[in-house]
Amino acid sequence: MNLGFIGLGRMGSGMARNLLRAGHRVTVYNRSPEKAQALSGDGAQQAGSPAEAARDAEAVFTMLSDDHALSEVAFAQNGIASALKPGAAHISSSTISTALSRRLAEQHAANKQVYVSAPVFGRPEAAEAKKLIVIPAGDRDAIERYRPLFDAIGRATFVVGTEPSQANLVKLCGNFMIASMLEAFAETFATMEKAGIKRSLFLDVISELFGSPVYKNYGTVVAEQKFEPAGFALKLGFKDVRLAIEAAQELNVPLPLGSLIRDHLISAMAHGQEEWDWSSLALVASRNAGIATGT
Amino acid sequence: MNLGFIGLGRMGSGMARNLLRAGHRVTVYNRSPEKAQALSGDGAQQAGSPAEAARDAEAVFTMLSDDHALSEVAFAQNGIASALKPGAAHISSSTISTALSRRLAEQHAANKQVYVSAPVFGRPEAAEAKKLIVIPAGDRDAIERYRPLFDAIGRATFVVGTEPSQANLVKLCGNFMIASMLEAFAETFATMEKAGIKRSLFLDVISELFGSPVYKNYGTVVAEQKFEPAGFALKLGFKDVRLAIEAAQELNVPLPLGSLIRDHLISAMAHGQEEWDWSSLALVASRNAGIATGT
Amino acid sequence: MNLGFIGLGRMGSGMARNLLRAGHRVTVYNRSPEKAQALSGDGAQQAGSPAEAARDAEAVFTMLSDDHALSEVAFAQNGIASALKPGAAHISSSTISTALSRRLAEQHAANKQVYVSAPVFGRPEAAEAKKLIVIPAGDRDAIERYRPLFDAIGRATFVVGTEPSQANLVKLCGNFMIASMLEAFAETFATMEKAGIKRSLFLDVISELFGSPVYKNYGTVVAEQKFEPAGFALKLGFKDVRLAIEAAQELNVPLPLGSLIRDHLISAMAHGQEEWDWSSLALVASRNAGIATGT
Amino acid sequence: MNLGFIGLGRMGSGMARNLLRAGHRVTVYNRSPEKAQALSGDGAQQAGSPAEAARDAEAVFTMLSDDHALSEVAFAQNGIASALKPGAAHISSSTISTALSRRLAEQHAANKQVYVSAPVFGRPEAAEAKKLIVIPAGDRDAIERYRPLFDAIGRATFVVGTEPSQANLVKLCGNFMIASMLEAFAETFATMEKAGIKRSLFLDVISELFGSPVYKNYGTVVAEQKFEPAGFALKLGFKDVRLAIEAAQELNVPLPLGSLIRDHLISAMAHGQEEWDWSSLALVASRNAGIATGT
């Protein structure tokens, strides 16, 4: 297919490369052009604007950092909405609010364009290795039409529903579940520390108990307290937990555990941890237990 | 070895059977004798009291439901402490408070007896199938001496430390981590429900994301809301979370997530769920979101 | 002085009447004109738009329900900002976000207009009886110039600072303190109920202990569970707690008690209590304790 | 009347003195005898043991620091229970658990002695100045018989009910309400600090809003951060909040606000604040907001 791809951060670059590897023709755009140029060697065409990346595409992916960035790319002059052909699709993989997702669905529908929400789970290495989990939602036919694209970037695809914002909600709640695990690690590791029990021992037990690579990987980061460089910046984790809370609020669902994590992430930011890995949330529990943390 | 085994509930029966299978001679005692008789076919001797089960043993296991039951078995007339030979060991696998564990260590030491704390992770089926995780703590030599026993009942053994109560703390914190997962499921499933997203779809995504049998198993129970019969009764889960909080408090470690779960478990008990599976904690989040739950 | 007054709900009507009583000339505007007409008997002039109320005024008050309503009145066509004379003041008494307050300060400054934030504490009866607490913030000279107006509507004036949004923050935090009292009442009354202790007895003790009319008044509402008609609608209380949390978040201050109240207010809304008095927050604690509440 | 009084700390001394002033004959006992001697000048007789203070009394008051101290005085050899005449009363004013109160009621009943729970609200100065609030519970006739004693020590008496432990629950919940106010102050003052708003200004507004001496007094301590010497030690405040939570738990009532405060008090203790005034709870919110607190 003729595709566009906008947003070539660490996630987007891997995804775009896998689309190229699958034989699609991909026109890429990134605000800072070096990242787009880096994909030339893989066969990507370069566009000078989001509109240009979208113009001839059957589908244009977006993979951007937040609501603000995606709004710009979608709705600004030279944005996607102004250029995408009727019947062509905007496939949004960014982690955004359900509110923006609903707005995108409306606007694209008004333009006779298709809007599919297709967030992904996985770190940059997983994006590169074609091991993402893809969770599309939107028009059923459109999803079937574009399923080969999802297969090209991920190891598994789960269709969430027919309402695009539902996929965003699942993504936000998935990240909230990871954050919950981090808070549980934070509190238990602080307890271990003050009880004189080795962090590595506790990690071994918990890894064996849950048998989950997510527990093992994050647990190792927390046990070793290596929060830089960040795999996923704490300020982005905060954004996601905040969006999960706001989405749940719209549905009149309280998320008390979400609120607890949110408050702890704010405390982490008050201690200058915005750019550290979000697992550094663990330092909040340590500080509250009177354990010196160096921040 | 010549062993005693006291407490033949669903966990204890499986453990005792595996000790018999490994070729040890096991004298068993249970308050209601039918359960002890059931093990006769497997070759167990029956004792008329805890003391009798302990008298000739190199090591006597206890696997009881709470502090109260273990205190009785250990310290009452005809209890273990009165009968165990000097140098022989009380191996306690019950999930008890760190305070009782410290008291047991002191008393047995005063009697020249050995006390090893050896809690286990795993459901009754795992106990039967020799797939428990065993986490002993206590005197290093004693643990090495009895390691073949741990190997006989579990799939993996992690030595926590030299202080028996440390093992109890790791066990309590492990259960607290599972409870944290349950709370996270509770809040996200309530959100899914009100957003019109299928519970089974969300479970599939989260199972794929974490790749953990614990998430899959508990997530299935919550998704299907089959809380009876209980795999692990909510009132016992409450006991464990409460004990984790109390143990952390002794160390001046706040557990805000623990407190949140504790309050939700109390609410569950206020709605009559003491005997349901502890994953029915999820109903609290549902009720708070205004979802009718039938209780 | 020549004044404008926009927003004649139960609070605004009392305030406007007291400005008239103090001898000022007041031109009033309300979206639904009946409320403006009701003030004619008190000597008020009527305007056909916010701009008309502002045009000849030395100062125009606004007393509206939320950010959205005030933004419209301030910035829409025929809004205040388009009509107010250079040097004249917009005095905003609404309970709004600190973010909107900062935006108003900027825009009015760009128009050479003065912006003073002057939120008030007190129920409609206090507004009528000239018993409000007024907490202005903004340019020091402007506040002194308009001080007679604050004296005309309230029993006490406290100048918060020179930054208008600071007054909004104090107002939001004051309401958060009242909400905290409500949550404490909620949990203790639920406890009393299940302990078989009379609600009126507990209220008497607490009233004597705190010696505060706020405790007495709200405590009586909670004890008697008369949540309709609302003195202050729960959905508005939710708005204020949410705004307090957001304002604190901008400063990297976690408000865990605020988060707890927010979640309970969401649960109340999930049970249909939006329009009830915000003290009906107490029903959430009752429900969580398994007390039947009829909702 | 012939009275005994056991426990002459800062509260007990004032209470005993007011009983003497009202013309009663009072035999006093304190573990460290200097405090008992200090009351000789006021006409008190001195006893060598709790039993001696109770032997000839129509009623013996106890005012001790916690469950442990009161259990000793009541049940140890030479304790009250061994000496009090049939029909005479033990009037317990200590802040103790509802569980101990129930146990005292049972034991005294078994001895044909009367047990009245009569906790008090008020600081040491209020005890000295006869301004306590007294909240007795127990047998109705007994309370009427001893009412002149309550009048002699307090400014107001509220009869809670016929079950002694109900009075202890009201006392614990009253202290929990004060702690809730402290937490609300803690979070709002931290917000003010980071917003550059004067602490004294916020205090003035809140004092005017609530019109409560309790808000004014505690608010002043928090605003000025003068946490030593303690009016009420944080570790005792922690004890009371913990007991409130445990009493509520017995009734299956969750106290999420209580849990939040409890966790913050634990964090305060982890930072060495056990002996500071319990209003130093406010430092926890400050630290979580990244405000340097010197601890």
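In this document, chain identifiers A, B, C and D correspond to the written order of the chains, with residue numbering beginning at 1 in each.
One rule holds for everything that comes next: a residue touches a chain if its C-beta (ideal position, glycine included) is under 8 Å from a C-beta of that chain, and two chains touch if they have at least 3 such contacts.
Here the structure is a predicted model, which is why all the values come from computation and not from measurement.
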Touch-network distance, chain B to chain D, counted in steps: 1
Distance-maximising chain from chain A - centres being C-alpha averages: D
Pair joined by the larger number of C-beta contacts - C-D, B-C: C-D
Separation of mean Cα positions, chain C and chain B [Å, integer]: 53
Cα-centroid distance, chain A relative to chain C, in whole angstrom: 39
Chain C and chain D, separation of their C-alpha mean positions in angstrom: 37
Residue numbers of chain D (touch at least two other chains): 252-256, 260, 263, 267, 270, 288-290
Residue ranges of chain C in contact with chain B within the complex: 256, 263, 267, 270-272, 284, 287-290
Chain D to chain B touching residues, read off their complex: 249, 252-256, 259-260, 262-264, 266-267, 269-270
Interface residues, chain A side, partner chain B - complex: 121, 133, 135, 156, 158-161, 163, 166, 169-170, 173-174, 176-178, 180-181, 183-185, 187-188, 190-192, 194-198, 201-202, 204-206, 208-215, 244, 247-248, 251-258, 260, 285, 288-290
